[in-house]
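There are structures below to look over.
The two complexes that follow have subunit A in common; it is paired with subunit B in the first and with subunit C in the second.
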Partner chain A sequence: MRFFRQLVLAIAALAVVVAYSPQVSAQSGKPIKIGFSMALTGVLGAGGKSALIAMEIWRDDVNKKGGLLGRPVELVYYDDATTPAKVPAIYTKLLNVDKVDLVVSSYGTDVIAPAMPIVMRSGKVFLGLFGLDVNHKFKYDRYFQIMPAGPNPAQDWSRGFFDIAKEKGLKSVAIAGADAEFAQNAVKGARANAKQDGLNIVYDKSFPPSTADFTPILRAIQATNPDIIYFGSYPANSVGIVKAANELGLKAKLVGGGMVGLQFAAIMKNLGPGLNNLVNYDFWVPAKTLKFPGIDEFLKKYQAAAAGKGVDLLGHYLPPWAYAYMQVLGQSVEATKSLDDKKLAEYIHKTTFNTVVGPVKFGKNGEWATSRALMIQFRGVKANNLDQFKMEGTRVVLKPDTVKSGDIMFPYKQ
Partner chain B sequence: MDASLFLNAIAAGILLGGFYAAVALGLSIVFGQLDIVNIAHPAFIVAGSYLVFALNGGFGLDPVIAGILLMPIFFAVGVLVYRVYYAAFERTGRESLAGLAFFFGLMFVIEVLFIIFYGVDYRLVEADYIGKQIEIGLVGIPWRMLVPFCAALVMTGAIYLFLSRTFLGRAILAVSQDRLALQLMGADPVKIKQIAFGIGIATAALAGALLIMIGPVEPTIGRLYIGRIFAIIVLGGMGSIPGTLVAALIIGLSESIVTTYIGPSWAPTVAFGFLLITLAVRPQGLFGRL
Partner chain C sequence: MKVSGFWIGIVLMLAAGFVLAGVADNQFLFFAGYVILQGLIMAVAWNVLGGFTGYVNFGSAGFFAIGAYTAIALHQFAELPLLVLIVIAGIVCGLIGLGTGYLTLRLRGVYFAIATLAMAIVFESLITNWDYVGGSAGAYVITPAEVPFFDSFIEMMFILMLVLSLICVAVSRYLSMSRMGRGLASIRDDETAAECMGVPTLRLKLISTTVMGVMMGVAGAPFPFFVTYINPLSAFDLLIAVNAIAMPMIGGTAVWFGPVIGALLLGTIQQIVTVTISSELNILIVGAVLIAFVALAPRGIVGLFQDFARKRREGGK
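Now for the complex of A and B:
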């Protein structure tokens, strides 16, 4: 019986060990090791795993061409489970035990910010993947963030949404955001935009990310009768909000903003027509204005790799950007012929990179020099059909004007 | 005060409370009556959600019917898990810390299995009534919340009647109170406990169906509910089925009313504050016995 008990405990311990063990891609020779934590499980696991597939595609593409500086590239990564508390230990191990040559970030503000002090102490160049305004307080001159939120990310992120409100002459706004790093940064920017535009903020509250039913929140918002409703939410919240909004017939003229999850294939397919007329942020959608060299080939590879892996099947939202931030790093290493962080940082600051998401130029604070955060509107979405999202038309680009693909259907609902 | 807003806040709170009751019911039996800290219970609920997702997507089965069909399978799994737990820990009196580690490990195993087989993408179910609501006077009731509420009430009522009106049910209540006395009556406490544990896990199948009806699930989403579930069980009084229902309704109502009138971020504070005050005044919980 003692053996049996030990066996049960050993299996449980093994499961924990497996869950936390490093996953190293096998390469031959003296590889260049790129280390990172990634949200492979937890709240952002769906996005993180699709990002990893994109990064592996980049690694394979680079290695097929002979690697970087003639050396193969190896990815060394650990699952941070979208848990900020795990991140510092992971980067400490990557830098001190695994002795990686380069580091990049996990996916999302909440798990990028905790890595910053560790990476800064080591003086490493740090490429960020969808961190919203992370460098605002750190002011680290070797941090570069691939999401095209612009030089003032918190505010630029939602600028397009409020530009639409301004053009339509809307007067009042309700703001609701989840109690977590990203969403709070998003609503902070929305609040600043609303004040800048002289809008009357009639509702401004946070909600716990674990909120199960959004009906009471939407009814409380509805009672304030706003023209605009801006949400900063995570995937499960966004689904709850859209469902509740449709059930109670939410009345406002402009609804959406910073809702994460409405870019994911499974969620878009399930919500179907319930998405129609929502205006939400995005970074890439199928549109003639966003056809950059290499994007179609990349998506083809991604969609083949993602099939059957329980991740986003379209790969429009995060994967191109995960591929692109690796492209920035790879192009910098090749151009400087070095892994020296000082040289790499100087090169990244002064260069415009050609990537699958278009030309990328970073500003002084490591954010995009000019914002290209999209505001898209869902239009004519039908029930239970994933293929419709592969084509132009169901997500119309409203802002910025430089890549606009159509005009807004207004109002959201009356 | 806007009557419509108030009435809708009450209605939403009651519906939400019903859902919380369904989620907490199984653990109320396992933790409250058997004194087994099954921290993996939310993982079983998520397992129920995934299997309901498979039946809904593969065969077009209604989520609630799928959940009910899965209950016997979950019962059998529960019996098996208890047998392992008993043989490895409870029999030798090592259940407190080692048992907790066992269930913690089990939670990881379940989560990792679903990550391997289903990935980490969000999963949702479809049913004709999801997305619609009925209007009763000033109150709008979404079917997405009404169906889980009704299912939770039926399940809670059935468990209550089973425990209070049948020999086996009374034996389960007895094993939680006096194991030796039960043995003297000729009943086998281990068999009684394994049936009770099986029933607790069986409720997770239906609770999982209700969870995935309300919102999307991913393998680790059950962790968000651990604190709330234990709070409901303690507030209701350990092992009391009516207490669990009443406590869940109180938590649901307080969350809804606070969300509507004060702000959503205050909802957990007020709910857990209510728990603390109740325990200060009545340490055994609302329906518990000292």
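Now for the complex of A and C:
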């Protein structure tokens, strides 16, 4: 009987201790709501879905550790269908009706920019996901963008590509870009870099974003006999370019640049050896120089969650950055012990954050203080094999020098 | 009596808008309301040519975008007041509408519809390659944080759109109920017969296309200030053209209030769906509702009510 009484007392004491432990109180507090619109359908739908998976992984990770400020985190989001016209109303609803505590952006310039005036008027800190130079007009000192394109995004984006050209003593360049927002900004930056380096621009034309057959365009470029070919293209274009380049046997010595899509698992698997020796931008690839704490665990969770959802299976391109911009926000809230936007913005400006994509430091305009846009080269890619891209070696980091993982295979030849 | 009833309705709607602006704290209502009213103007405009005159315009997004880009170009050139931009955009799109009217000299039916679609594509290509208005990279507009007489910029935009909508509805009603409206209806029913009966078909068609152009331009001009970032993809959005056709088809094309009913109904559903289910469902909903109406009630909601009322009358006898 006595033993039974002692047992009951012990259980009661344990219950009291557990009840007042931080983890349990975290789950019982009023949730911190983080609101955003996301491109879950429309042109950027596949990317947006993969970003959302990453953000949900972050939410679960944070909640498992007791939430933020001892409160659980809740994501409140709406699909903007990659349509700019839907964004102002969504952010107004998030701020006025849903009364979210914090806001982050959707994926891509087109859907970040329309949210800016709404967010600016509310004075909220605004974390951006892959917006290209959105803040150059707004100049909002509480905007921070996670894509590592650097303080002068359009030009810094392709700087590494032209540094390689300079090192190899190349003289002439052909520039071709799709007629749409990102690609035109990319070729604008490439043009500025080419002029800065005194290169002879022998071809400089645009093509409609719907172009799939690039044989005529590549023939026209080939006729100008350039040393370098810089493309600013969207996924469908990039596939067409790689296929046409293989068919025609391009003679240029350095080919690639700003080709979107060549970072996506399905496209890389599909193009296989056709990718070899292309030099293209990327933001994260498996390399010893880019093994940041937490990235492997994150990718493991992402790849498990992504299976069967029709999104990128590797998750190397966008998801780590979607996780990282939430980490920046979460770390700021914990460090300032506050949801006050002024305090958060001041903290983000002065801090270097440790994230799954490495150390992140923002500059004055809210872009990365220094660019870490990678120039990678495809090497030894085999046909129809997705797993090869999980390992180091098929994508060698050439630039920037701080994270270089190998030397260039030069010149480009198929 | 009917006329005064209409004008009382207009004044009441306007008063309701001002009351809403005065009492509502929820800014989301103004954003959602703006989008619905923008759709309403587009629907009313489309119906002037498509419903009253019988000429189907697939290039509505082109007129809308030209209105938007006229405002952008003038805003870049000199920061003119929004009202001036709207007037000039209306004139520019009216002139393009007038040009479209001359197309009807040679093109009718499906060929006219294809020509309007092609025209929108031509305009999109021109805008995409015109760097002054941002080209394919798009253009930004910084809107003022404070505006006189209103609590916020979006409140002002909502009231502006409400006033423009009511003007467009009044013009559409006048066209429909006047002598001119009967002329337009005769063109819709049989253009050759109308011509033989002495109806000035070309003049009426030119008026019809010009009015349509002006209204669509007026709807498009404030758009860059609403969205603050505009690129050719969003200005020439397919959904704008699809909505402009679907709303009158659902409401009923034969009468002036058909597109108003269709726009209010479909626009409200779309806004609710965006924040409850999924934005992409909007397009599915428009498509499904449109197919249902075309197949089951080709004269729209107004036609359904008219049939219902007629059957009740006949039943009563």
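Worth a mention:
Quick note on the criterion: the second predicted complex is superposed on the first by the 383 of 414 C-alpha atoms of A that agree within 3 Å, B and C clash if a C-alpha of one lies under 4 Å from a C-alpha of the other, contacts with A are read in each partner's own complex, and residues count from 1 in each chain.
Methods note: a contact is a pair of C-beta atoms (placed from the backbone, for glycine too) under 8 Å apart; a residue touches a chain by one contact, two chains touch by 3 or more.
Only a predicted model underlies this, so the values are computations on that prediction, with no experimental measurement involved.
In the superposed model, A:V97 lies in contact with subunit C only, and not with subunit B.
When the two complexes are overlaid on their common chain A, residue A:G261 makes contact with subunit B while staying clear of subunit C.
Of the two partner chains placed by superposition, subunit B and subunit C are both touched by A:A81. Greater residue coverage of subunit A by touch, when subunit B is weighed against subunit C, goes to B.
Residue contacts after overlaying the shared chain place A:F138 against subunit C, while subunit B stays out of touching range. Applying the stated contact rule after C-alpha superposition, one finds that A:T41 touches each of subunit B and subunit C.
By the document's definition of touching, of the two partners only subunit B reaches A:K205; subunit C does not. In the superposition on chain A, A:P117 makes contact with subunit C only, while subunit B stays out of contact range. Of the two partner chains, subunit C is the only one touched by A:A180; subunit B is not. Once the two complexes are overlaid on the shared chain, A:N384 sits against subunit B while remaining clear of subunit C. Residue overlap on subunit A between the subunit B contacts of one complex and the subunit C contacts of the other covers 40-43, 45, 81, 179, 206. Listing the residues of subunit B that touch subunit A in their complex gives 2, 5, 8-9, 12-13, 15-16, 19-20, 84, 87-89, 91-92, 94, 98, 101-102, 104-106, 108-109, 111-112, 115, 117-124, 126, 130-133, 140, 142, 144-145, 214-216, 218-221, 224-225, 228, 255-256, 259-261, 263-265, 267-268. Within the complex, the subunit A residues that touch subunit B are 1, 4-5, 8-9, 11-13, 15-16, 18-19, 40-43, 45-46, 48-49, 81, 176, 179, 205-213, 215-217, 219-220, 223, 235-236, 239-240, 243-244, 246-248, 261, 264-267, 270, 274, 309-312, 384. Residue ranges of subunit C in contact with subunit A, taken from their complex: 25-28, 30-32, 35, 128-129, 135-138, 140, 142-143, 145, 152, 154, 223, 226-231, 233-234, 237, 239, 271, 274-275, 278-280, 282.
In the complex of the two chains, the subunit A residues touching subunit C come out as 40-43, 45, 78-81, 83-90, 92-93, 96-97, 109-110, 113-114, 116-117, 121, 137-138, 178-181, 183-185, 188, 206.
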